[in-house]
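Below are two complexes that have subunit A in common, paired first with subunit B and then with subunit C.
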Partner chain A sequence: MPEVLSVEGLGKSYTGVRALHDVSFSLGSGEIRGICGENGAGKSTFVKILMGITQPDSGSIRIAGRARDIPGPRQAQGMGLGIVAQELSLAPHLSILDNIWLGSAGVPLLHRRQALRERAQKALDALGVGDWDLNGRVGALTMGQRQIVEIARLLARDTQVLILDEPTATLSDSEIERILAVLRELKAQGRSVIYISHRLGEIFELCDTVTVFRNGECVATKPVQEVSREGLIELMLGRPFDEMYPQHHANPDARNALVIERLTVPGMVHDFSAVAPRGKILCVAGQIGSGAAMVTRAAAGLLPDAIGRLTLDGKTLRLGSVPHCVARNVFFLSEDRASEGLFPPMKVLDNLVATRLYAHAPLGVLSWRALRRIATDLAERVGVDRNRLGTAAVNLSGGNQQKLLFGRTLERTEPGVLLMNEPTRGIDVGARAEIYRLMRRLCDLGYALVMTSSDLEEVVGIADIVVTMYRGRTVARYEGERIAMSTILADITHPAEQAAR
Partner chain B sequence: MTGKGDTVRGTREMSMPLAPDWRLLPTAVRAVVIVALTVACVATPGFFSLPNILSLLTTVSFMGCVAVGMTLITISGNIMSFSLGATAGAAAMVFIVAVNIGGIGIGLIAALAVAALVSAAQGFAVGWVRANPIIVSIAAVALIYGTAEIFTRHSSIYFKPGTGIEILRGKLGGVPLEFVVLLCVTAAGQFILYLTRFGRNLYMMGSSFRAAEAAGVKTWRTVTGAYLWAGAFTGLAGVMLAIRYDGANMDYGVGYEYDAIAAVLVGGTLMKGGHGSALRTLAGAMIIAIVQAMLLLRGFRQEWQYLFTGLIVFAVILLHSSGERR
Partner chain C sequence: MKASIRNDPHFRPLVILAACIVLLSAVDWGQWRFLSAATPFSTLQTFANIGLVALGLGLTMMIREFDLSVVGMFGLAGCVAVMTGAAHPWFGIACAIAIGLAAGIIQGLIMVRFALGSVGVTLGGLLTFVGLAHVLTENRSVPYDNFRVALLVNEPFAGLLSVRSGVSLAIFAVVALTFGFTRLGRDIIAIGSDRRAAMIAGVNVDAFIVGIFAFSGVCAAATGALLSYSLASASPAGLSDVLVPAAAAAILGGVSLGGGSGRPLGIATGALVLAVLRSGLNAVEAPPFVNDIAMGAILLTVAIGDGPYLMRRLRQLAARERTDR
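After this line comes the complex of A and B, so read on.
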């Protein structure tokens, strides 16, 4: 396998903090390489250097055998390197064609649109989606289809090495299958792929080899056949791996629960009923667009047009009013932490106490001493370093940000209800295990937990009760031993068989 | 990670252009501005004379009160209000009318109430209907002007003799009363922002509206509250204008909103919301007032003051934006 990219002794430090140290890496043509590592392990610094966004302090890069400097993203493009970033960079109001050529170095000022159209069409053909309308607006596409447009964009620029950074984080299972198929097609054409993901299942399914980053160093590169799932996690953590999902040992208080009856959100959820007992984790499983995420949003009071009946411990919970829910200790944790959870520029302290200002503000005047004491205590309980209370929340890692949001919901006079969408999205394997332990601790305290997740492994691992949904309707309900990945997958993807059953 | 491990043992040094630490930029700019202003003040003959200082402290107070009010709106994430200048003018006229009818106490209450309500109504439109704050304030300017001009038939109004308004034109321990009011308003603004639940809600809303909503902040009440306080502080500025100039017409308020926006920006409060303070705005107002006073002493005409204020605001905007891009 000829080498397309090789890196020797790459190092990078940011104002005294070592982000990357002596990394060597080589990639053959037609190879799909997985990259794993916890947040902060150096994956993104490595990618930024390859894309010319940051410059390394030391080391050398060879592309197709020639030593190269990558001074900027445009030059990286010219050398055949391209990235599909986590945050898609498409313009929704432009057509697929325009998006494919947007920002391309290969488009001269005076160009023949027909030639561009032909080349774009070829790129779509190569991905097996030649029937798409190049004039169609990108805004009308699903997230998975947009991902494919991003990949087509790289092909049209004759990219030899495609870097994908968590491409499947926001996709549903069928869309993920499609992306994986597209990537295999690229491999067959002799292109190389660097695939960064927290989802180990995809690494094993797709990749030829896997490289593990830890603390800025490249600790191992192995063919995927030679490494087990547990072995891979241990390589990432650098220590033996005990158990990802803690034991279920709750003693549910059957009389007290969050009861959802005939919840309907026009156009999104139809007639949803479920019981979330205190001390248990109820998981609403469904693909993106199935309405699962809307159930939790509606219960949190975020959807004004939701109708139905909710009771908590026998008392009615008003729909459509977040302040009312917060007053009853019903909290929502969004899948979109950056824009619907955190107050990014504000301090960790401010973020922790955001929902408890009422309790510590007699006549509206705050007692900062009490708030500081509470924040310190909360930080300790959820495992955020208490010395970081003064830093801006935006500077924390994804895992710490999520712990912070959990912290907001703790230490009440009575245990509450947590409504969570994708509680571990974008969180690395170490922090993820901590989040699961935290969820179990909340159960033990008598909280009722309702979550949605598109990660089936997580659903099976953590849930006590699973309700599956398809296109806004409930498919089935499982509890305890009856929770199995295959039936859940069938429920959320194959509606016809379900209807027949 | 120890300090020793950080040394770069590179096989070759990458060419790095002079990379300034951008976090130090604000501090550096602050130092330069303070030094430059001090030098310019010392070099301006008559700047440190008592009459000049007194007039400086008086003029900064009108604009300062409006600016502190504006700060609350900006921090709440609603950028700015163009209608505060007109509100100040209207409050000045309401004050005179009410003083003529019922005395100083009634006048004060009426002026503050009208200003607060006019502004709170805009806050309600922004918070409840989710109307664009800039557009709402532009519409409000026309409404306020129109209403006032209909009632006054485009003329000035004056105090009746014997209202005793002269006693409010004095000094407190040698400091003009207006400046004392500004200090009180700044203290009140700072108190609201840092020590009340309402104030923290403003910051939360300004830094992320959706997160504030999800955390149970009553957003429309908070927005309306911000505009209400902004209106009340602006009303005080209007009252002070009427007292100082012994009369009022709608033109008195002209331009105060612009100076106030300039003060907020120069103080370093971010236009995107969620960050800033009343003290910063006080500092910003002082800087702008000092520059204007200096230009006046050096014989520049009004036009040049406008030009310089514009240049300062422009420079600050560029500085803020360059900070955000990193």
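After this line comes the complex of A and C, so read on.
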């Protein structure tokens, strides 16, 4: 297999903190290489260097055998490298066509628009979405559809090495299947793929080889047939792996905390009913766009259009009012931590106590001694290093950021309800296990947890009760032993076919 | 009405312009003060005062920045042109434009190199340029003795245009064509829409920031120079009321402070709305404050119309009506 990309001794530090150290890597033509590692392992820095977004402190990069400097994304593109970044690089105000060619080195100042349109159409056809309107605005597309436009962009530009950073984190199963099929097709054409994912199932399903990063170093590269799932996790963690999902504790006296009756969100959720008992995890499972994420948002008071009846411990919960929900200890943890959860530039301490300032401000003057004491306690309880209370939240890993949000909901007069969308999105495998343990601890304290997740392995592993949804409607409810991946998958993808059977 | 027409970025400014013309015609009905041959000329003269400044400022707003320094540059360039262009008017214009270009490039480079926001940098620019104008003119008005040029720049030709308004319209036309038919327009919208995304996609974001602030500086300088020629004098503090109308024109023209929306022809239409309003209200002999009230009312209406709440309520009402039926 001829080598298309190789890297020797790559190193990078940020203000004295080592992000990459002596990384060597090579990729063959027609190879799909998985890259795994915990958050902060150096994967993103590595990719940023390859794309010219960040410059390395040391090392060299060879593309098709020639030593190259990559000063910026535009130059990387000219060398045949292209990326589908974790945070998408599409301009919502522009059309699909304009986004496909945005910033392309191959588009002259005065160009033949018809020729570009034809090439873009071909790329969409190859992805099985040839019926999309090229003039349609990207802002109107779902996250999954945007991901597909990103890949179409790379196809249209004839990219030889495609780098995909967590491409499936926001996709539905059918969209994931489509993308995996396209990547296999690209491999058959002799193109190479670097596939970064926390979802190990996809690594084993798609990749030929896998490289593991740990603490900024490249610790192993192996063919996927030669490594087991547990072996891969242990390589990522650098230590033996404990059980991912903690034991479900039987809780026969579980009182019904949150009762949702006939919840409807126009155009998104129709007549949804479910009960979330204390001490248990209720998971609303559905593909992106199924309405599952809207159920938790509506219950948190975030959707003013929602109608229906919600009660908490027998008392009515007003829809469409976040302050009302928060006053009754109903908290929401968004799937988008950066823009809907944390205050990224603020300190860990400030983030932890952000929702309880009024309770510790006698005569309106903040008692920082009390707040610091509470923040220290909360940090310990959720497993965040107390020495990092002064660090800006943006500098924490995804796992630690999620723990901060959990921390905000603790230490209340009575246990409440946690509504969570995708609680482990973008969180590495080690931190995931900690989050799951934390969720169980909250159950033991008497909290009722309601979550949505597009990761079926997670749904089956952590949920006590699963309600499946398809196109805004409830399909079925499962509890305990009846929770199985095959039935959930069938429910959320083709419920009609299942019913016919 | 077809959705494609309704969603066209030029649709709203054109509707506002038409509404203003209809309203002023109704007020003036039968008296032929607004509906007279003089109104288009005076409208385009007012357009020439704010149009290009609105264009430069609007482009900075499209990339989610804001050029406050246009006010200072407007006045400084006027003073420079008047002081250097008495014998050679072209030389005066060239000096003014060179200063606008240099100032825009310097401000852009400061933002890019030090990763700074535009409001702070251009506020500094504004104060610096105003100060420089006071220093250059020794704190007094400067007369422009070349009356031939002063008359020429305002001389009507074809009964409609003057040199000033012709230059403004020509520059708008060039920018609109460049924006619509080259890569540059899409790159600008992309930067305002999501700067990081544009950068990863391969757009040279830094070059665009510097270039757009340079263009904004040139626009403000050219307008200030020509206006000072036409007034036959320049004053360090005399031309400070351009920022609000220019920003208003950009917003009426469909530019959002959040970036990523707007088109040059939209800005031109926005500036025309303000020009029609000013000329029309003058023609119907309304007191001067009525212009400010009318402009404020239009802006407020546009802001409420742009907000998500009103649209959501209207959609809900429409849906309810359909259900009832």
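Just so it is clear, the second predicted complex is superposed on the first by the 456 of 501 C-alpha atoms of A that agree within 3 Å, B and C clash if a C-alpha of one lies under 4 Å from a C-alpha of the other, contacts with A are read in each partner's own complex, and residues count from 1 in each chain.
Methods note: contacts are C-beta pairs under 8 Å (C-beta built on N, C-alpha and C of every residue); 3 or more make two chains touch, one makes a residue touch a chain.
Just so we're clear, the structure is a prediction, and the values are computed from it rather than from any experiment.
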### Task
After lining both complexes up on subunit A, report clash or fit for subunit B versus subunit C.
clash
### Task
Between subunit B and subunit C, pick out the one touching the greater number of residues of subunit A.
B
### Task
State whether A:130 touches subunit B only (first), subunit C only (second), both chains, or neither.
neither
### Message
Quick check for you: in the superposed arrangement, does A:238 touch first (subunit B), second (subunit C), both or neither?
### Response
neither
### Query
Can A:480 be said to touch subunit B (first), subunit C (second), both, or neither?
neither
### Query
Touch check for A:326: first (subunit B), second (subunit C), both, or neither?
first
### Query
Regarding the shared-chain residue A:11, is it in contact with subunit B (first), subunit C (second), both, or neither?
first
#### Entry: First, second, both or neither for A:74, with subunit B first and subunit C second
second
### Message
If we overlay the two complexes on their shared chain A, which of subunit B and subunit C does A:365 touch? Say first, second, both or neither.
### Response
first
### Message
According to the stated criteria, A:223 is in contact with first (subunit B), second (subunit C), both, or neither; which is it?
### Response
neither
## Note on the structure
Only subunit C stretch among 76-84, 112-120 or 166-174 with CA clashes against subunit B is 112-120
### Task
In the complex, go through subunit B and note every residue touching subunit A.
1, 3, 5-6, 8-14, 16, 21, 195-198, 200-201, 203-204, 207-208, 210-218, 274-275
### Message
Can you tell me which positions in subunit A touch subunit B when the two form their complex?
### Response
9, 11, 13, 15-18, 55-60, 300, 302, 322-323, 325-327, 332, 334, 336, 339-346, 350, 354-355, 357-358, 361, 364-366, 368, 408
#### Entry: Residues of subunit A that touch subunit C when the two form their complex
51, 53, 72-74, 77, 83, 85, 87-94, 98-99, 101-105, 107-111, 153, 266, 305
### Summary
Interface with subunit A, subunit C side, in the complex: residues 181-184, 186-187, 189-190, 192-194, 196-204, 260-261, 312, 316, 319
